[in-house]
Structures are given as structure tokens and as C-alpha cells.
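Okay, so subunit A shows up in both of these, paired with subunit B first and subunit C after.
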Partner chain A sequence: MLSQKTKDTLLGPLNANNPVVVQILGICSALAVTVQLKPALVMGIAVTIIVAMANVIVSLIRNTIPMRVRIIVQLVVVAALVTLVSEVLKAFAYDVAMQLSVYLGLIITNCILMGRLEAFAMTNKPWDSFLDGLGNGLGYAIILVIVAVVRELLGSGQLLGFQIIPQSFYNAGYENNGMMLMPAMALILVGCVIWVHRSINDKEGK
Partner chain B sequence: MEHALSLFMRSIFADNMIFAYFLGMCSYLAVSKNVKTSAGLGVAVTFVLIVTLPVNYLLQTKVLDPLNLGYLSFILFIAVIAAIVQLVEMIVEKFSPSLYASLGIFLPLIAVNCAIMGGSLFMQQRIGLPDADPKAITGLFDAFVYALGSGIGWFMAIVCLAGIREKMEYNDVPKPLQGLGITFITVGLMALAFMCFSGLNI
Partner chain C sequence: MKLNTNSNVYTFVYMTIVVIIVAVLLAFVNQTLKQRQDDNKQLDMQKQILGALKVDFAGQDPAKVYEGIIAVGDTLKFGEKQVFVAHLNDSTVKYVLPLAGKGLWGGIGGYLALDEDKNTIYGVNFNHESETPGLGAKIVEYEFREKFEGKQICKDNVVVSVAVLKKGKTCEAGEDYQVDAISGATITSEGVSKMLNEELTKNYKEFLNVKPIEEKEAQDVESED
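Now for the complex of A and B:
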């Protein structure tokens, strides 16, 4: 259905060329919103939409942007989109918007956006740019979800607010790992994700 | 005065940009390979923070709030930051070409450094806090103090990490963990150490 090239554009960022663990983009928010699964999911979706849209818009106007002021133009496009998304979230999902707090606004300075706009949208057609944005957004969301699942499950025994670890475990002496809720564990977990990702990909490479 | 001092100490230690909020991680991880370059970047970030944050504070309290244009704050803040970064870039290029060369691509990227934008956004949140709250920013001076503290905190974090990474060059790290993986875990351990400041009160 899709040609090999478009497939690579869409699926590459999910694993082999993942924006977070391989390209090291957008780490800040990836670490900060992963205490629970729900904000992580919302953040992943928000970033995916914004990257895809921003890629399309910048790609459409790429031939008219003067090289010297391109960063400002890109920032304004992204800032406008982020403002839209943040107003929508405040209207329909106020509690999640409050949980994300400044990190929603910080999507503007998320390196994934600037990185993809610079590296891809400035030189490619709108449709390819859309797929690239979609792929990168999803690649980012996957890492967020993995880290958030581990942190919420081990840290508070819940997923999306539902109790997963049964009460009988607590009665038998099991305790939630409070460490998982600390900022430090997010860093260490991402470190471990990178470790696993690299060791698997190295084996495939051989 | 007491409030300002408390705000200053908190923003360096308890509310450290890197260890408590993960702001400015991208350049933090990429530039921390040696102490000299990272100190240069730390100074640049601190400088941009103490210029942009008071400017954004004035914009927020004198322009956006009275006119009820709060939703424009993202666009306005990022424009101010981008303009000031451009200015800093020209100054550094003129007065210290060697620093300019070693900072390379990361100087223009300060514009999209989350620590700068994050500082302004936190400032925006803190304006609304009651005066007695130790985190509240009640005036221009507070905004300046908060920017200075956050900048110094960031500077300290990046220089510490660069020092550790210079030493780690000689360590035998498992291959898939080399480079980025071990850096993340190091930062995680540093963040653990910084957590002991979290109850700090003056």
C-alpha cells in the first residue's frame, strides 16, 4: 500500500531511529510527565498532533521562508499550534492540563519539533513531512508510555488510576516503591530503556 | 529581602532546573563532555535567563494581564527569547571567538533550550501565588533573583556532570550502556543526591 520510502519515513522513528532513545530529542518532557500513565498518554498524543501539523505547515511554506529568519518562523508556527492545543486541553480536560502544567507550554521548545522541522520538513514535500511527524510523535509517545507504565505500576500500584496490584499483595507485606515517583528514577529508567534498546538493536545488526 | 534569599537558595538547590524539573536536558546531555565547554554554556544560559525572565515578567504583568491576553504568552515569550539569544550570539562571536567555536550549534539552540522557556513559564505560574509562599514571585527583583538562582543551579549541574564524565572516560562500561545510557544513570544518581536539598528552608 505504501512504498518502501514512505514506510521507512513512518515506521523508522518507532524503533531504529527513535527520537528519544536514539536521536536524544525531547528528553525534558519525556522525563517529567511520566509519573502517571494518563498525562503521559495525553502528552504523547499532543506532541504527535503538533509535530505532524507543524511539519505540514512548514513544509508548505518552506520555499517562501528566508533562510536567515527560519528559526523564528518555525517557532511562531509551533507556538501557535501549542497555544491551540493547550486551550483545547484546558477546555475539555482541565485536570490533565493542570498536571502537565508548564510542560505543555514547553512543547514549543521540545527539540523533537525543531529537529524534525529543520531536518525534514524544510526539504521535503507536505505528505512525507506529515508521515515523518506522525512517526516521530508516535516514537516519542511509545517511550513515554513504557516509562510511565513502569513508574505508575511500581510506584503506586495503579494504571490509569485503576488498582492493578491486588489488595492481598499489600496484606502479605508488599509495599509500593516510592522511589519510582521521584524524578531521579525517570532518568535511571530512561537509561535502562536505552540500554535494552541498544543491546537488542546491536544483535539485529550482526 | 528574606523572601528573595529563600527564593534564590530554593531555585538553586530544591527547585533545580535539571534535577527537579528536567529542563534543558538536550543540551545538558550533549555538551557536558568537558568542563570548559560546559562552563561556557552554563554562563550563556544563566545570562540569557537573567535577561529574558525579567523582560517576560514585565510583559506578563504590564501588558498581557491588564489586556487579558494571557493566551498569547507562549508566542510572545518565545519571540523575546529568540531575539535575545540572537543578541547574545553576536556578542559572544565578537568578544570570544574561541568560546563561540566550541559552543557551535548549541548557542542558537539556547533559544529552544527548555530551561529558558521553562523559567518564564514557571515565573508566569508563580505570579499568582500568595505572597507568603516561598515560591511566589512578587516583583521585578524577585523575578531577577529567581532567574539568577535557576541559572546558577543549571550551571552547577552541567559542570558537575562534565567533571564526572571526564573521569568516566577511563571506566569500563558495558558496551550497550556506553555514552548516553550511562550518562542518564549518572544524572539519575546525581538527582538522588540533590533530593536531600528538597526540604531546604531559610
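Now for the complex of A and C:
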């Protein structure tokens, strides 16, 4: 259905060219919002929407952008979109907006967005750019979800706020791992994901 | 003729147009959604006050429940601060004091519900802008808030507030005036402690020191002697 190139554009960032574990972009927000699964999910969705839309817009106007101020133009587009999403969330999903608080605004500084705009949208057609944005956003979201699941499960014994680890475990002496709640642990987990990812991909490559 | 997209004039004009378009767009969106956002804020505040009063509004319209408990305009004003007067269904009167302070990453706030004696804490609700999820953000959970219930804020007619202290520490005023902090969230806990202390001993001093009428008259007579 899709040509090989479009497939690569969309699915490449999910695995072989993942923005977080291969390009090591967007790490700081990955540390900040992954203590619990719910904010990680919403953040992943928000970034996916914004990077896809920003890619399309920049791709549409790519031939008119003065080269010397292209970064500023990209930043304006991203900032406008982020503000827009944040306003809409405040009006229609107030709880979610409150939960994401500052991290929503910090999407502006997420390197994945600027990276994709500069590396892809500036030189490709809108539809390809849209797929590229979608792929990269989802690639980012996957890593957030993996890290958040481990951290919430081991750190608070819950997933999405529901108790997963039964009370009988606690009675038997099991304790939640407080380390998991610290940002440092997110970095270590991202490191582990990169390790696993590399060792699998290396084997396939050889 | 092909435009020279690298000339200074083009760059200036281009940026000006882009910025104007974005500004107009954002201003328009802001204006259209403002009403909804304000309604959400209002509703959120009402829900928090109901939470502090431990009123269960599950399955009901929180705004209606709120109006039934706190009549419009039923507030006492003290300078910039206002105190909500709540009439609960069991015909007791509670005072709700809005609080504001600082946590680790940003602002924290809350609502403190006091019994009619203006001394015993009936319930409390906290909110925060950006405390760490799983640590400082736990101040919003009932597990933490519950500890405040039944604590007192005045000792010998002096407002001492409630201290949030690490487990094992005790404050001067005694056990009725302290609660355990959240482990791992020292600064947020201190922020809550400081917020309560500042608001109660400074901003709400006037409200908390208003004594029942007879006592006040007796004091007036004394001072004339």
C-alpha cells in the first residue's frame, strides 16, 4: 500500500532510527514526565501531534523561508502550535493540562521537534513530512511509555493509578523502590533500553 | 522575476508577516476559549473547596453541590484575603481559607477548612503547579491530607499553625500541631509547612483573632480600667 520510502519514513523512527534511543534526542523531557504512565502517555500524544503538524506547516512554507532566519521561523511555528495545544487542553481537558503543567510548554524546547524540522521538513514534501513527524512522535512516545511503565510499577506498585502489586506482597516484606521515582533512574532505564535495542539491532545487521 | 529570499528587506517583511499571523491567531484562540477556561478554573476551585470540606459530590454536578453549601457572596473579606463560609448538610458551619505558597518547582496552594471554633482543622486540600510526580505531588493525595484532620492551629490564643516535620521530629507546640512530612519530598513538605505558617500567622491573623462578642466586650471594659 505504501511505497518502501514512505514506509521507512513512518516506521524507521519507531525502531532503527528512534529519536530517543538512537539519535539521543528529547532525553530531558523523557526523564521529567515518566514517573507515572498517564502523563507520559499524554506527553507522547501531544509531542506526536505537534511534531507532525509543525512538520507539515514548515514543509508547506519551506521554499519561502529566508535561510538566515529559518531556525527562528521554525521556532515561531512550534511555539505557536504548543501554545495552541495548551490553550485547547486548558479549555477542554483541564485536568490533563494541570497534570502536564510546565512540561507542555517545554515541548517547544524538545530537540526532536527542531531536529525533524531542520533535518526533514525543510527539504521534503508535506505528506512525507507529516509521516516523518508522526513516526518520530510515536518513536518518542514508545520510549516514554516503556520507561514510565517500569518506573510506576516498581516505584509505586501501580499502573495508570491502579494498584498492580497486591497488598500481600507488601505484607510479605516487599517495598516500593524509591530510587525509581528519582530522575536519575529514568536516565539509567533509558540507558538500559538503548543497550537492549543496540544488541538486538546489531545481531540483525550482521 | 524570482524573489531573492535572502535579501534583508525580504527577511524583515517575511518575519513581520509571520509574527503578525501567529499573534492574531493566538489572540483569537485565547479570546474564544477564555470563557471555557475561566469556567474550568472556577469549577476546579469549587471542587477543591468541596474536597477540603470532605463533601462527596460523585455523580452530582459539583457546581450545584457547591452552591448549596456556600451561598454566592457568603465570604468574609480581610484585606486581600477572603474566607468562605460553608454551611454543611449536618448544619455545622465551617470556614474555608484559601492558601498560597511555594513548593520545590513552582507554586503550591490549597484550601483549609476550619471548624467553627477557628481552631480545629476539619479538612484540607492542596494543589500544586509542578511538584515531582510520585514525590512532592503526593500532597494532593488524601493519605497526606488526612493527617491534618483534627489538628489545631491556635495554642493559648496564639496562632501557631501546623508544622510539617520529618518523622521522629517534634515541634515545640506538641503533637496536636504537627504532621509527618512526605519522605523523599523534603522541600515540598517544608513549603506546605511554611505556607500554612505564613498564611495563618500573618494573612489570616485578623480573621483568626476575632473573638466571640461577649469576650470582646469584657476585654474592652478591662482596657478602660
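By definition in this document, the second predicted complex is superposed on the first by the 205 of 206 C-alpha atoms of A that agree within 3 Å, B and C clash if a C-alpha of one lies under 4 Å from a C-alpha of the other, contacts with A are read in each partner's own complex, and residues count from 1 in each chain.
Quick note on the criterion: a contact is a pair of C-beta atoms (placed from the backbone, for glycine too) under 8 Å apart; a residue touches a chain by one contact, two chains touch by 3 or more.
Please read all numbers here as calculations on a predicted model, not as lab measurements.
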Worksheet item: Of the partners subunit B and subunit C, which touch A:169 in the superposed model: first, second, both, neither?
Response: neither
Worksheet entry | Larger contact residue set on subunit A - subunit B or subunit C | B
Fill in: Which superposed partner A:88 touches (first subunit B, second subunit C, both, neither)
second
Fill in: Partner chain in contact with A:76 - subunit B first, subunit C second, else both or neither
both
Worksheet item: If you stack the two complexes on chain A, which partner ends up touching A:108: first (subunit B), second (subunit C), both, or neither?
Response: first
Discussion item. Touch test for A:31: subunit B only (first), subunit C only (second), both, or neither?
Written reply: first
Worksheet entry | Partner chain in contact with A:65 - subunit B first, subunit C second, else both or neither | second
Worksheet item: Is A:181 in contact with subunit B, with subunit C, with both, or with neither (first, second, both, neither)?
Response: second
Discussion item. Under the contact rule defined above, give the subunit A residues that sit at the interface with subunit B and also at the interface with subunit C.
Written reply: 72, 76, 79-80, 83, 87, 101-102
Response to the item:
Given the complex, residues on subunit A that touch subunit C span 33, 35-36, 39, 63-69, 72-73, 76, 79-80, 83-84, 87-88, 90-92, 94, 98, 101-102, 152, 155-156, 178, 181
Practice prompt. Would you pull the subunit C residues touching subunit A in the complex into a rising list?
Written response: 5-6, 10-11, 14-15, 18-19, 22, 25-26, 29-30, 33, 36-37, 40-41, 43-44, 105-106, 129-130, 132-135, 183-184
Fill in: Sites on subunit A touched by subunit B in the complex
21, 24-29, 31-32, 71-72, 75-76, 79-80, 82-83, 86-87, 101-102, 105-106, 108-111, 114, 182-188, 190-192, 194-196, 198-199, 202
Discussion item. Quick check: in the complex, which residue numbers of subunit B touch subunit A?
Written reply: 19-26, 29-30, 71-72, 74-75, 78-79, 82, 108-109, 111-114, 116-118, 121-122, 125, 174-177, 180-185, 187-189, 191-192, 195
